[in-house]
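Letters A, B, C, D and E mark the chains in the order given here, with residues in each chain numbered from 1 onward.
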Amino acid sequence: MSDNTSGCSGNCVPGMKKDMLVPQLAVVTDIRTDTPDVKTFRVKSLDGQPLFDHMPGQCAMLTLPGSGEAMFSITSSPTHKDYKEFSIKRCGMLTEALHAMEPGQEIGIRGPYGKPFPVDTEFRGKKLLFIAGGIGLAPLHSVIDYVRANRDAYGHMDILYGSRSAADLVDLDQIQTEWMKEKDTDVYLTIDRPQEGWDGHVGFVPSYLKELAFKPDCTAIICGPPIMIKFVLQALIEMGFDKKQVYTTLELKMKCGIGKCGRCNIGSKFVCKDGPVFRCDEIDELPGEY
Amino acid sequence: MSLKKIALTELDRFFSAIALKKKIYLPVEKAGQYDYAPWEPGITYHPEVLHTVKSAKSVFFPQSEDLVRYKRSGLSLAITEVPPEDEEFVVFGVHACDVKGFEVLDRVFLSDPVDTFYKARREHGTVVSVMCPQPEETCFCETFGIDAENPGADVQARICEGTLYMEALTGKGEALLEELGGIVAETNEGKDSEAYAKAAEEHKKIMEKLPLAGLTTDGFGAEADLLTLFNRPEWKELSSSCLGCGTCTYVCPTCQCYDIREYNTGKDIRRFRVWDSCMYSDFTMMAHGSPRPDQLQRFRQRFMHKLKYYPDNYEGAFSCVGCGRCLQKCPVSMNIVKVMKTLGGADHE
Amino acid sequence: MSVNDTVDTAVNAAAKEWKPKIVAFCCNWCSYAGADLAGSSRLSYPADVKIIRVPCSCRVNPMFILKAFERGADGVILCGCHPGDCHYSTGNYYTRRRMTLLFSMLDYIGVERERTRVEWVSAAEGARFSKVMNDFVAKIHELGENVKVGDLRCKQ
Amino acid sequence: MQAISAKIIERAKELMREGTVTKVAGWKAGEFFYDAEPNIFETAESLDGLVYNRFCAANLSKYMIKNSAFESAGKVLVILKPCDTYSFNQLLTEHRIDREKVYIIGAGCEGMCDIDRVRALGFKGITGIDEKGDGKTLVVHTLYGDGEVNIDDVLVNKCEFCKGKAHKIFDELISDNEDEGPRGDRFEGVRALEAMSPEERFAFWQGELSKCIRCNACRNACPACSCRKCVFDNAASGVASKANTDSFEEKMFHIIRAFHVAGRCTDCGECTRVCPQGIPLHLFNRKYIKDIDEFYGTYTAGEEAGQRGPLITFTQEDREPNSVSDKGGN
Amino acid sequence: MHKIGVFVCWCGSNIAATVDIDRVVAEAKVQPGVVFAKDYQYMCSEAGQNIIKDAIKEYGLTGIVVCSCSPRMHEATFRKAASQAGLNPFMVEIANIREHCSWIHKDKEEGTEKACVLMRAAVAKVTLNTPLKAGESKVVKRALVIGGGIAGIQTALDIADAGFPVDIVEKNATIGGRMAQLDKTFPTLDCSSCILTPKMVEAKSNENIRLITYAEVEEVSGFVGSFKAKIRKKARYVKEDVCTGCGVCMSKCPSKKGLNEFNMGLNNRPAIYIPFAQAIPNVAVIDSTQCIKLNTGKCGLCEKVCTAKAIDYTQQDEFIEEEYGAIVMATGFRPIDASKFDEYSYSTCKDVVTSLELERIMNAAGPTGGVLLRPSDGKHPHSIVFIQCVGSRDVSGRGKPYCSKICCMYTAKHAMLIRDKYPDVEVHVFYIDVRTPGKNFDEFYRRAAEQYDVDYIKGQVGKVWEEDGHLVVRGVDLIANEQIILNTDMVVLATAIEPDPTARKVANMLTASIDTNDFITEAHPKLRPVESPTAGIFLSGVCQGPKDIPETVSQAGAAASKVIGLLCKDKLTTNPCVAHSDELLCNGCSCCEKVCPYGAISYDTHLINDHGVKETRRVALVNEALCQGCGACTVVCPSGAMDLKGFSNKQIMAEVEAICL
């Protein structure tokens, strides 16, 4: 774990003096509107050099001075070295300001932070089941694209993704044009309520999951609203999964991103450096403050 | 290594000599209260003062400090770093508990990734500790294995019969005493001298009589079971009167939580760090809620952090030095001792 | 320690001729109209005065006044309808009490009392508006730059 | 006060056993004699830990907001000292407490002592305090020997200038000095400041406020500062701030705080009592109280519930704001 | 991102002469959020407006700042233009660089600099503007008039004439009010009944008017356009639609001890009675306190003699609930209680009467049949002393601080009438001042003094007492500077008038504000004298302040025209710059409610989800139809829960910051 954070200090800090809390300059080169309240921002360094290396599941701090700073998971795959992408839902003052940005806006970025999904260790060679709800697809996006880029290193991949409505499905276009066509991959989409023009599945993610009745021979990776995670986890257990087979991410308020400001701890763990990725059996050992 | 000494009446000369070259911080009286502040001519040292309100940590980890400045115009952004401390300074008069407090902070700020602002101050600061004068009933530093008679730091000092005896413990300390060669006198008296030992002896007697002398950390620390401690029902009553203010946090030598905020001067945007308190309701507040919605959880967080989470992360070391400031300052007389006694091991069941 | 540029500020301030910054809050119905009348009557007053339109003097929160001082204002003046003539019947009566207490407190902490004022100016009193502003600016010139209340970071 | 203490415990137990109340807000014995802490007792047995002594200065009325909230079940018994009842009334006026859910025992008070003032007299390592039978002297035991102090010399500031011993609201009284009147001239500190030159006043406040560490103890203890979310904590308010980043921020915080409680502050003195830096914050509030009394007629917030405060009313003859310039020292 | 457009107007040379327009434009372009800036000679011209409209469309502007003349001049113009181009009109801010800048500064450098600052402040504000939409509310096309005196009748008639239904609620058994009690009216001396009665009849017969007499408004809720009122119609024990008003019951009723209210208690009336001959409705009413049947169960004579079978002893109070678009207060007045002024011996001497009592004595339908007789012995008086300002202009606290306005004139009227009819009666009038502003008023007074030889004495009366069957008056003649003692047969007190005691209750119900004398406060004393600050509540007659009949009637008409203006609308658009409360921050302390001059704030308990914690809390609610946007509430709110749309805390602070930069 400490490899990642310390690895960063070499990568992202040109010159020795710069503190970890000081971001580097970056520019938003492209803004995609995914859903009515989610936009995806592509961020590059000013000189075209890679900002820093990251692994799927890791996060970075974005700052728009005047509006503040916050942690976002990196949506793009590490295989895209020249940029980082962030899918961000509008839900507060900073995200409001980020959504109001235009391409060309310079921002501050620092990272990567946190423990990634074990894509090169535990996940290797395994069958993978991704379960996401709403904006929860963002952290999984990077993993899925990473797996796709190294497709042969992993087993079969199932992706179950649901949202409130068709319009709220993040990256529907890419899902349909790329993921659905990926070899050895099945994608299942669902929306909460029926709507015109939608001939796919309708219903909540946990119930669809039960309908699909996946065999517990794969590693499950869940991300979405807390209530969804709770019911999905229940369903998986019922389906015979062991908590050790299930990974999820946690979200808490963060300021420093490096385990010092004292905000994002759950028990002795800091989400910013020991998370955000947790195996579900590890979570059981933590106090319920998340 | 032999001791250096200076009469308390000569301290002014001592401070002026240091001040010629560098800043010297010491407990300074302001409107009836003591806090660390730079020495200026006219300021006298009060050896009888046990505690400053804010601990000595404020010298290395100030309540607020700028980290970076931004300027925005149109789409462009300019980032200006704020240089870390680059001048030598001295901190004088730190007692054993506060010295130990630095160690607690060091583990957090100097562990990877290093906090350069803190590190620069630590590197540039020379700490002169002094054996504490009369301890108060609220003192319990021994609980955390602190030797109040030998506080440590770069230079360790002890006042015996109107004279300040100093002993350099580090290279930095030696260099400082070296520089002051003309001011402090070399003494032939060793640490075994009668006066020197007597001062410690008397001190020790008081330490033994302290009402909290027997307090132990049993039941806490890395070995304790986290969830059992966390789920103890006593937290509810313990926290029932907590006001959720930040007094305990801000007077504590070991609390290190901080917030990072922005201030827009209209000309530039300053990003600065300020002390924060896990006792505040907005500490972990997010748009959709807080994982610690009630004062019970916030109260528990603070003490679990000191007595359990911190030891888990730092080889069993506690994040409390027994200085007793929170015992004296809490508006509703709540404090870590009550928590330790209520939830602690067999000794106090 | 945090960066402190107070010395630079002093040098800069001395270099430039000091021009006071004065914020005037004017109620929409009387004083703002009074200021308009001063304008259409070409009754001049110093350009240091910048007017902020508020619906009623009772809209002015003490925080706005302190905010102005924080940002480096040298004087703050609040103008409303004459007591009894408030467009909203009672607004300026509340203003009067609030500002009386606020000004008293500023005085109490040692801020020069003349840096804050309340004046009642009707829509017909263009001449009075101009006179009030001239007097106020003259007073602020007398007092000089505000160094007691203000965030130093904004002065750098 | 021991007699009163015993009666309180007895009555509290009765009320709890007969089901009139389900919990009791009182003070619990602390680590030392002097650090009685506010506590919510939930069982009759635990009430044996209830204390009422010279160090029960903490005002319990603010706890009643939470304990009488809509979702809070049952009735709570609260022990209020005479001065605390003003705060309670003010909170009733502002609809913050549900009177139906609170049972008040008015406890007689002979004045509370401030351990910091005992320390300021030079006592260190205080291990115990006894009250002499004369009701005027405390015997202080310390690690370094014993000594005596005159109670009058170590009273909490609010008790030094007691408003009088009469309870303004209660369900029952356990008190034998209801008719004792006010004590001292509580505006003398304000007057002393007013008599200074503006420069002296500025220096005084600069010195005091620069000590502020923004721990928010004053705010969080204040029964009038009971906002669900304080403007200074609200990022959207435009004035949010957290620390003494600049000396102006402290002034702003304390002036706005004083203004927000003007006409609502009952002068309960908690702000000054709890300040870890010993800032005489009551001088702000008493200044407003004095101004209000002088400008708009004597008004005592919390004298009775339902009063209309001086800042939410007016008369047509009120004085002009500029006129405050005409007074004060020079 | 904000896309702000800045438009700088030259106003010919009005602005351009002292403000360097190019510099303002250049400066505007570098402001955060500004994507477009342009100048033009006359922004308010059609061509100028087109520049704005085109830019809004072309650049997709999210807000605009027009640097031009005062917003009082052209804010509406530019808002309309913005709206036509698809931009919310409240996304427009004006920087007043003419009246507040170019016109008052001669130095171009100075003017330009200030114009830049004003522009900067407007830009800073507009980036925080939010699109606002005027709300709409329905208008119930029915009015309620509370009070059936001349004021209420006139208002109702005028409203009814315009085609809107009106209900008059009168607490007495008949409409007519005080005017019905008067004998003659000044300054024309025409008979009061002769001019009032036709109006009463008209009110009765008008199809659009419903008379609800012997009734009181019990509850009012709602707001302008849709008030809901609950009216209690008290039991008359006489079927209103059956009684023919024949009066037989009155003559047969054995209980005749009730004081005749209409005659100011100077004589008695039966327990069942018609208040006076011309009463409308001309229907009897039983005084339940006097009626033997209702009190003992015996008697029942009236029921037996009533051929119409109108008597119903079992009648109960009835409630009428109705919706109204507007409510008019016409609650009128009463004379103050003269017994408070005991130096005049009103309570002990029968021959000391009030002016209104004298009116009844002089009236042909009054207790004496219109013959001037002393109440004590029924003899003809030979001398009468009038005392003016009894309780008026009194700052001692016993009386009223105001001038009752009508007393000088009616006293002159009484004096003149008496001298005319009984030339043998000596008439003295003690006065402080004689106030006769009004058409033909002063002529009238002079006629009394000069032609009718009424003895006007400037001075006050210290004491009146009875001695040997007559009254002694001790007063001062200020002009002669001597004490006078007069022997007289009668003393008439010109008592002050005060709002009817029901006014306070009604005002509270309507959240109409009331002054210290219980007169209803106007929305603006000069410019909106017939409206209450509470929208939809109108004032007619003396409830607003002392008035004579012509003034009352004209005010009644004015109130009616305001009501008609309101009821003509199908929907009300509300000012969108109103207060609103953030329920997450609200403490429920009621401070805002107390300073609101419009009664626009109310409280309710809501289940609040405060960042995941659910709690039931008392929170403030703003009725946007009532709020006028003054902002008084925003400052008393310590938590900042209460804010004002269009002038929010953040907007104003942004302006402050931009100015102080």
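In this text, a contact is a pair of C-beta atoms (placed from the backbone, for glycine too) under 8 Å apart; a residue touches a chain by one contact, two chains touch by 3 or more.
Note that this is a predicted model, so its numbers are computed, not measured.
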Common touching chains of chain E and chain C: B, D
Result of counting contacting C-beta pairs for C-D and B-C, higher pair: C-D
Label of the chain whose CA centroid is most distant from the centroid of chain C: A
Chain whose Cα centroid lies at the greatest distance from that of chain B: E
Rounded Å distance, chain C centre to chain D centre (Cα mean): 36
Approximate Å spacing (C-alpha centroids) for the pair chain B, chain D: 30
Whole-Å gap separating chain A and chain E, where each centre is the average of the chain's CA atoms: 65
CA centroid of chain D to CA centroid of chain E, Å: 46
Per-residue multi-chain contacts in chain A, two or more chains: 102, 105
Interface hub residues of chain E, defined as touching at least two other chains: 595, 636, 649, 653, 657, 660-661
Two or more partner chains touched - positions in chain B: 64, 72, 259, 263, 266-267, 272, 276, 285-288, 290
Residue ranges of chain A touching chain B (in the complex, touch as defined): 2, 5-6, 8-9, 17-25, 63, 65-66, 68-69, 91-92, 102, 104-108, 251-253, 255-256, 258, 260-268, 285, 287, 289-290
Residues of chain E touching chain D in the complex: 584-591, 594-595, 603, 605, 610, 615-618, 636, 638-640, 649-650, 653
Of all residues in chain A, those that touch chain E in their complex: 100-102, 105
Residues of chain E defined as touching chain C within the complex: 70-72, 96, 98-101, 103-107, 110-111, 113-114, 117-118, 121, 513, 521, 523-525, 533, 577, 595, 597, 628-632, 634-636, 644, 647, 649, 652-653, 655-657, 659-661
Chain B to chain D touching residues, read off their complex: 30-33, 35, 50, 53-54, 63-64, 134-137, 206, 209-212, 237, 240-241, 243-247, 249-251, 259, 261, 263, 272, 274-277, 280-282, 327-329, 331-335, 337-338, 341
